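Every chain is named by a letter (A, B, C, D, E and F) in the order it is written, and numbering of its residues begins at 1.
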Amino acid sequence: MGDLERGRAKYDEVYGEGAADRLLAALDGWGSDIGRYGVEFNFGEIYSRPGLDLRQRQIASIAALVTLGGVEPQLTGHIKAGLNVGLSPTEIVETIIHCVQYAGFPRTINAINVAKKVFQERGVT
Amino acid sequence: MGDLERGRAKYDEVYGEGAADRLLAALDGWGSDIGRYGVEFNFGEIYSRPGLDLRQRQIASIAALVTLGGVEPQLTGHIKAGLNVGLSPTEIVETIIHCVQYAGFPRTINAINVAKKVFQERGVT
Amino acid sequence: MGDLERGRAKYDEVYGEGAADRLLAALDGWGSDIGRYGVEFNFGEIYSRPGLDLRQRQIASIAALVTLGGVEPQLTGHIKAGLNVGLSPTEIVETIIHCVQYAGFPRTINAINVAKKVFQERGVT
Amino acid sequence: MGDLERGRAKYDEVYGEGAADRLLAALDGWGSDIGRYGVEFNFGEIYSRPGLDLRQRQIASIAALVTLGGVEPQLTGHIKAGLNVGLSPTEIVETIIHCVQYAGFPRTINAINVAKKVFQERGVT
Amino acid sequence: MGDLERGRAKYDEVYGEGAADRLLAALDGWGSDIGRYGVEFNFGEIYSRPGLDLRQRQIASIAALVTLGGVEPQLTGHIKAGLNVGLSPTEIVETIIHCVQYAGFPRTINAINVAKKVFQERGVT
Amino acid sequence: MGDLERGRAKYDEVYGEGAADRLLAALDGWGSDIGRYGVEFNFGEIYSRPGLDLRQRQIASIAALVTLGGVEPQLTGHIKAGLNVGLSPTEIVETIIHCVQYAGFPRTINAINVAKKVFQERGVT
């Protein structure tokens, strides 16, 4: 099953060089096991599966997080990751707007505001 | 904003010839307005936006519905629509499995069972 | 706090003569305490508060249940209760449609189908 | 379907003179389309339907948002709107308390704290 | 990370001899990977962690599933598992009733009805 | 049903001497009734039931709140209460990690971060 080194490599491919180490450092102590599972299972296993490319996976991740609601830190991370793997800002915004049908306006508008903040920080126009 | 004829055409492009009429017939009476909004707004407006193709939109729809939970009729419909617009069965299953990170195992396993039933009906192997 | 006799009277005012006894009978055995709390707290206390009339309370109940999702038995009950306390079928359907903004189309359409079934059973046109 | 000018007029009727323009300005850029849909569809279409008056609609909106959870900005807005359209502070608080049956104590208490903050800003006692 | 054999053994300890094989058989084909992850990760990893015994873990599982809602098949399984690992019927029912504070009455009452059905099948009184 | 004095005593047993009075003071004015219900019903009734001890109840409370999401103030309180009634920090963290199966990684990681903050304030290592 999910392997830490494979997870770390995939995580860094999605989030940028050294990102897995920064995640694991941020979750150290009581969070170290859940952080390690996140890298091993989510990235060493799920994200490493064939059948969807990383751009498709980021569309799915963003749609799931918009719908879940109340998870702004993770939505922020996955919007950045979407840009990293080559989704255009338009594709990210369209994915969020698409969810209004299922998740309603409040969750969708809150997600758009998260995207606007990420794009501003990244200088995306 | 969303137009009924544009929505009907887009809905049929996603769900197959005559599907919008069947939806509107099924939701007649007390459901006729919400059915019409579904066609006009969701398909005449949201699905008709540029920026994502229909295969990307079905990935987003499936991920949102897996995460929402408790909406098996709609998930069934959107898995069929995914096949219609050219997602492979593998891409659909991978989209569902991808959501286990965000939506947990129970919602994901229930969604896989919905996909298995659709694939069986369609003779997909 | 909530009193069983007051709750029973209010429950019957909302659901019809003898309804509290039928609820408590249906939830007997392992369900008897949660059934009693439902009558005592929800009806003997919350529904018995001044400040909203029963028609307003049924609008709030229906909106909450549409949004919660996956609670069809309770939604069925509260739509019937809405008719009992004097909401028109139109007011009930409008309350459900109103929620599409917040709860999205799948939950709203499923709720409309619940309402259609109740109206059909009651001969409401 | 929903028309921007009708939506703007209804939005301002609910939120106060010039409010739609302020919303659209706040959501400009990447948020401009979802902002426009909010005005056109939610207010130009849903809120403009006959069958429920604005006080009944605000009861439904508040109940839906309490139950949804994690949408404090929208709950703040709809509590203010409730006061604007003539709900008494008591009716708003009773609507929130009513939802404890369906949405549980944490979401309800968080919503009461949002209402307390709005009432304090508005000098409502 | 989670190992299939360790997961199978733990799964059978919780659900009874041969249960993992039955799960994997039920989820075969398109469900085989998510089924395997359920055994490997949930049971080979999470359930195999020290720090909580199986009775404590079943309390947590039941509380999470009551709150999640719309996952009756999993709730049924975890109530049976609760009995298997030595929770008394009373402890299971109390765990469900405890959740009414957080998850509200509809989800709690639906869960009690699931428990009643399991207890009836098992001849628990 | 739930009695205020019994609730106050149970609340203080869980949260510490004088805690119920502090809760009721914090929720005064528009929040006084929901605060009183929280003490009377949740503590005077539910927490006062036999069948589960307080350590088991805190496991259920934490699992429910992790799964509900978006209720950080209540999760903070119940983690503190878990320590108060004798759960070890490890048992609390294991309860949170256990929920990753049902509630997914984002809600679980957010809950771990809440626990880390509580442990830091309490000097727990």
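Note that a residue touches a chain if its C-beta (ideal position, glycine included) is under 8 Å from a C-beta of that chain, and two chains touch if they have at least 3 such contacts.
All of these numbers come straight from a predicted model, not from anything done at the bench.
Shared contacts of chain B and chain F, meaning chains that touch the two of them, come down to A, C, D, E.
Most remote from chain B, judged by the distance between CA-atom centroids, is F.
Homomeric contact chain B/chain E: same residue numbering on both sides for under half of the interface positions. Distance from chain D peaks, on a Cα-centroid basis, for E. Each chain gets one centre point, the mean of its Cα atoms, and the points for chain B and chain C are 30 Å apart. In this assembly, the C-alpha centroid of chain C lies 29 Å from the C-alpha centroid of chain F. For this pair, chain E with chain F, the centres built from the Cα atoms lie 23 Å apart.
Looking at chain B, one finds that residues 33, 37, 41-42, 49, 65, 68-71, 74, 93, 97, 100-106 touch two or more other chains. Taken as a graph of touching chains, this assembly is fully connected, with contact between every pair of chains.
Residues 1-4, 33, 37, 40-41, 44-45, 49 of chain C are the ones that touch chain F when the two sit in their complex. Of all residues in chain D, those touching chain F in their complex are 69-70, 89, 93, 96-97, 100, 104-110, 112-113, 115-116, 119. On chain B, the positions that touch chain C within their shared complex are 27, 29-31, 33-35, 37-38, 42, 65, 68-71, 73-74. On chain D, the positions that touch chain E within their shared complex are 100-106. By the touch rule above, chain C contacts chain D in their complex via residues 41-42, 46, 49, 51-52, 56-57, 59-68, 71, 74, 90-91, 93-95, 97-103.
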